[in-house]
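Next come two complexes built around chain A: one with chain B, the other with chain C.
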Partner chain A sequence: MYANFDLLVPDELDQALTMIGGAKTAEDCAPLGGGTNLVVDMRASGKAPAALVSVARLPGLRGITIAEGTVTLGAATTVSDLLRDPRMLEVGAAMVDGSRVFAGQMVRNTATVAGNICCGSPAADLVPPLLALGASVTLRSAGGERTVPLDEYFTGYKTSVRRPDELLTSISWPVPAENSASRFYKLGRRKGDAITMVGVSVLVGMKDGVCSEVRIALGAVGPCVFRAKTAETVLKGKAPSPELVEQAARKAMEEAAPIDDVRATGAYRKQQVQVLVRRLLNQTIESLS
Partner chain B sequence: MNKMDSAVPGEQNVSYRQIGKPRTRIDSPGKVFGKTPYAGDYVMPNMLHAKVLRSKLPSARMTRLDVSKARDLPGVACVLTYKDLKIGTVATDIPAQTGFRRRDTDQQILVDEIVRYQGEPIALVAAESVEIAEHALSLIEVELEPVPGVYDVFEAQKPDAPKVFGDDNIVASYKVRKGDVEAGFAAAETIVENTFRTQYIEHAFLEPEVGLGWEDEQGVINIRTSTQAVETFRYIADAIGIPHSKVRIRGALVGGGFGGKCDVTVELYIALLTLKTGRPVRLGYTREDSFYGHGKRHPFIISHKTGFAKDGRITASKIDITSESGPYAFMSPYVLMYATEAGPGPYLVDNVHIDSRSVATNNMYTSAFRGFGATQACIAYEQQMDEAAKVLGMDPIELRRINLLKTGDAIATGFEVQSAVWTEECMDRAWAALGEKPKDEGAIRYGHGIAAYQQGYGRMIWLHDTAEGWVGVEMDGTVVVRSGMTDIGAGQTSSLAQIAGELLGVDMMDITVYNSDSSTTPLAGTSSATRGLYMSGNAVRNAATAVRNRLAARAAQHFGVADSDIDFADSRVFVASDREKSLPFKELIATCASEGIHRSELAIFRAPFGDWIDPETGQGQVHPDYTYGAHAVQVAVDTETGEVTILKSVGAHDVGQCVNIAAVEGQIEGGVAQGHGYALSEELIYKDGCLVTPSLSEYLCPTSMDSPRIECIILESRSGLGPFGAKGIGEPGHTPAASAVANAVADAIGARVHDFPLTPEKIARAVSATRDNG
Partner chain C sequence: MTNVKTRQLSVNGVKRTVDAPANETLLETLRRIGAVEVKCGCEKGDCGACAVLLDGEAVDSCLTLTGTVGERAITTVKGLGGAENPHPLQTAFADLGAAQCGYCTPGMIIATQSLLTNDTDTPDEADIRLALSGNLCRCTGYTKIYDAVLDGARAMREAEAAK
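Let's look at the complex of A and B:
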């Protein structure tokens, strides 16, 4: 059974910012994207914020723009929107990987990328690809706007630097450099509509025979999605070799701090971080040589 | 029947005009166009909404229950606790039409002192809205004092274990003693021993339990509900203390049952609240209510010790079976019987020794689930066969071939099966359909697995099963069928139309079937136990045949030929040897009507009746007959992550005779998908009696993304006891699927995971254990 709440559907961004502007805590007001997570949680817990502010009708918030070396997704962009845009393979292959295995078709049609970030789940499938791509998010409030690297966005389990009076309005990342590749792999208990046991995304850029860019992001193996930075440094600036890949995979495993739950044990998750980081690094490096 | 060239995929040159064809079912148009109301769609003016308060603890003593605040809440019409009940208990062990009932297996309707499982109902609320009813639940003050429970079947058998059921926690136990098992082992060249475990699983029907009750002008409590069994009206009447004739269950088309809608759930609460308030009451379970509110599939622990001669022939089979019943009996004794009977599988074994028991715990209670214990037995005996083949260094297909039962051979209980046993043909065809195994690539390994099976259809013969059916011809030549059988989505009513239509020469779309009303349609028993087509199909066949014979006699008189020369087709009656001589069916009907010839018939079909098997030896007949077949699966396993992809899944079954081949395929496909989930992902996990997977987010049924195209190979021996030689397929399609997946995975990774489900984690662990060992 749902708790009572007000559903606010503003037509203009300013109106939306005013509506959310009075919120002191997440219990006062929450932004509503596709609702595929928020509404399910509200039903399960019987608790709801006093008001939900929908981003669905805000003009200009749904869409993908690629300009001046930057990819920008509006906050109302759905997961299916990503899959329908053929340019995404060029500018964010890991996002395509993530979108393909994101929940199921019905959820993809309505769930938003911004919502996936805002729900803050460590198992969110689009966050590892976004971290690998080096994405930032734009937070707007009635008082102004700020841009935060996604890497600094999450502060813990389902917590972030977003203030209750702020809306996440867009997500952007630099168009990957020439000769770079990105991948995401979701390890789930089943293929459709699964909650991720381990999610791994990597981006590797090669220049002059060395790994000029390396980002490795891990999902569902810590309180929030995070980058395995020690593992990244193993490869960064070096010519890739099986030994270095193995070493990076092992470092990533050491950085993972998963829990036991109904889906898998922490020990298995840790071991799979190593398997998947090794596999994805090999695949990306191979695709570049 | 006319003999024509075979147009059905049968093995003999027999054909029918409607039987066996892939016809659109009579229930399809209503479903496709959204006209079919399900039980949850029914509403009434002045209706109340009900909710159930459940125990959060699995084993507790209730020290306080105060519902006064809930009763005082405006909009609450009624709150019921155990103190308000005239009779505190309801039967759980309620098989068939015989009225047998084991009194010591009754369940408390509402907790009066002791809570025995998590989710046990404590109070019922009826209010003006669902919201008010929910609010009222939160105002009920309950204090539960935890008492030590028992959550493990082995712990529960220890002398000092808390007693959940009787004085020893044993709900039922059986033995089979056939031949001389010790001599058999002595003669064996090789002995193979393994223990296999299966898990709790959920039916997860699309439509959770729901119903609407009201009291009519005759004081009858009517309940429109989603059920596999309208006969539960008797047990509801007994439990609420009114005559059987004053409770009427009206079924609706059911959105999935799989055994989970055989027991009484919402209908009893609806009856109590309707009786108390005098107003219509609707109770619809949420998915979460459904997880806590009906019995689950039994977990089993099955140990096999099998002796093999040098040539691979089985010399002895010793099997130990333990199932978990939870705190109440429900169908546990019968499920255990099925597992015991099926213990050694579809193999000829002269020396058999089986001990089985069902053990009570404070985990969730268990009851009927498609396959009814025979599935769990199959998971054990078919994995055992593959493990044995590995030890013996034999091909698993050849090992099976050497040992398979043939027509006339005696099964474990000594009963000699008289119908066709085409397991070998099914096995070979399913296996061949897999084709070549792909070459392994990197971490990906491919595997092929087979599973053969034996599954009884119809009820155990000591339950003296019967079904009635009525067929009548209208003045315009259309036909009406009345049957108490419930339609749980498998095409039950449509098959009755097809059978009556075949016999009366009327297209099935011109036949209307009224069904599943406990007061106005002839009682036919549950749609469970793979008995719907067998029992009700035969009842309707008997009724339609009686009508046909009377009409044929009048037509023969008209044409001046013998009765046997009359045939019916396309709404005409004609002389088979001279088809020019014919009449529209409705003209014959008009003649019969004016002469007072009876155009309808109420018929009964009786399955074979017999006595309970010998309690000391387990020898005797259990089922009327059996269905045989095999399932084959091809998988790809990622040996690093443990992920499994099912690439091909092929069921080959001798169904005796298809009534509607499209419906047969539907039954097989659905059963197989359920089997895939059983093997790989589905599991209700109880931690000290508390469910830790209480929603479809943690409880993982296969999605369309997880399911390959399922191939059906349908053989027709026309040797079954059902109409036109049909055997049952409702459960059999499901029975071997999970075992075949397990065998395919073991083939792929070269190791066996003995405990279901085969999660990626368990598979990855088994792979690394193999590597560590060499």
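Let's look at the complex of A and C:
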């Protein structure tokens, strides 16, 4: 490790909020979750924020609660925590899909859900599932708390509405309605420990023979993870048919704006969006009928 | 070195007092104090050679800042057992040819121990692949490692049942 910094390890959330309270930019002071992004970045760039506030082990920040129709993850809940909780299959199957293809065991044991959101990577594997599930995030500062739909959280490549003096403290989504299903698929160069080339998550809810709920989220095909809302409207409120699924898949492809990089060309990524959206919509719809 | 702090660590059950700067990783600290059974491969979370248990859960020590460890128990592969009193996984890795150069072995055994104690004591091949996908081996081709995990897991279950 080359750059130096102050490492603050508060015992309580309030202390942590005071510590980051003075931060004007992420260079002044940044939260440290599991460090699986931040430590790697600091080593690669040789740069570090002036101070890091460790939040991964703050009391009350880790854990999964399901109550009153809402699933809530503490910010410091790890990817392994998601895999070890059998209830997740019921209330967020796409999150289980995302966790199973996430890094290797040691990183999963350390990586937090908040860190996955806050790193702002378009290839973050838990973000498409969270968008498909309709999640919101709670941001807290010494001055107060606000809840933001995850759909409005990202503003561009690695940028978001979170202020440097705010901590992401929890993530929540409504328990999916009966007769709904969610999925996530990660296209990588290999099965284990790969960076996502295209990530697709869908949630479909059926009621009285029509798609009452449709959310489609795309990863690694734009500056940030986003919902393919034109594609969603193709199916929403309609009885599903192969033609409509095909049309939605095509719309999703049109909404994708991927770049060429070392992992794949943009053209390939676009094509795969169509393939994967079609496949996941078919799988979810079939599982419901 | 700036921001040096004196910290108490519990390494394989022994209390150690170390002076560690804020930007030192647990991998650097452990090797500096002689725990060189913890290997340094990539220093970016890719290879798993540096894996240790923190309160029984495997983590990459190269991604862990020493200052965040606190009172958690650190266990290296030496803490599981040694030549005199080998752990069943160590015996299985040796017997089944799952270690060639041996550089990945400490991390493989730590990751396996974490799988067997935190996730399942009766892993199938899919469980093993999932649990070891963050551990790279340049020698064995993995097949013998998976065999050793299955064999070691069986030995551990038998030892548990005999208690």
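Just so it is clear, the second predicted complex is superposed on the first by the 288 of 289 C-alpha atoms of A that agree within 3 Å, B and C clash if a C-alpha of one lies under 4 Å from a C-alpha of the other, contacts with A are read in each partner's own complex, and residues count from 1 in each chain.
Note that in this section contacts are C-beta pairs under 8 Å (C-beta built on N, C-alpha and C of every residue); 3 or more make two chains touch, one makes a residue touch a chain.
Just so we're clear, the structure is a prediction, and the values are computed from it rather than from any experiment.
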item: Touched partner set for A:T265, first chain B, second chain C, both or neither; value: first
item: Partner chain in contact with A:I20 - chain B first, chain C second, else both or neither; value: neither
item: Chain B versus chain C as contact partner of A:V275, first or second or both or neither; value: first
item: Chain B versus chain C as contact partner of A:V221, first or second or both or neither; value: neither
item: Residue contacts on chain A - larger count, chain B or chain C; value: C
item: First (chain B), second (chain C), both or neither touched by A:N109; value: second
item: Chain B versus chain C as contact partner of A:L203, first or second or both or neither; value: neither
item: First (chain B), second (chain C), both or neither touched by A:D193; value: both
item: Partner chain(s) touched by A:V245 [first = chain B, second = chain C, both, neither]; value: neither
item: On chain A, positions contacted by chain B and by chain C; value: 1, 40, 44, 104, 191-193
item: In the complex with chain A, residue positions of chain C that touch it; value: 2-3, 21-25, 28, 43-46, 48, 51, 57-60, 62-65, 67-68, 70, 111, 114-115, 118-119, 129-135
item: Residues on chain A engaged by chain B in the complex (per definition of touch); value: 1, 40, 44, 104, 187, 189-195, 197, 262-265, 268, 271-272, 275-276, 279
item: Touching residues (chain side chain B, partner chain A) in the complex; value: 130-131, 134, 640-641, 643, 645, 680-681, 685, 692-693, 695, 697-698, 700, 702-706, 759-761, 764-765
item: Footprint of chain C on chain A - complex, ascending; value: 1-7, 9, 32, 34-36, 39-40, 42-44, 48, 52, 54, 56-57, 80, 83-84, 100, 103-110, 191-193
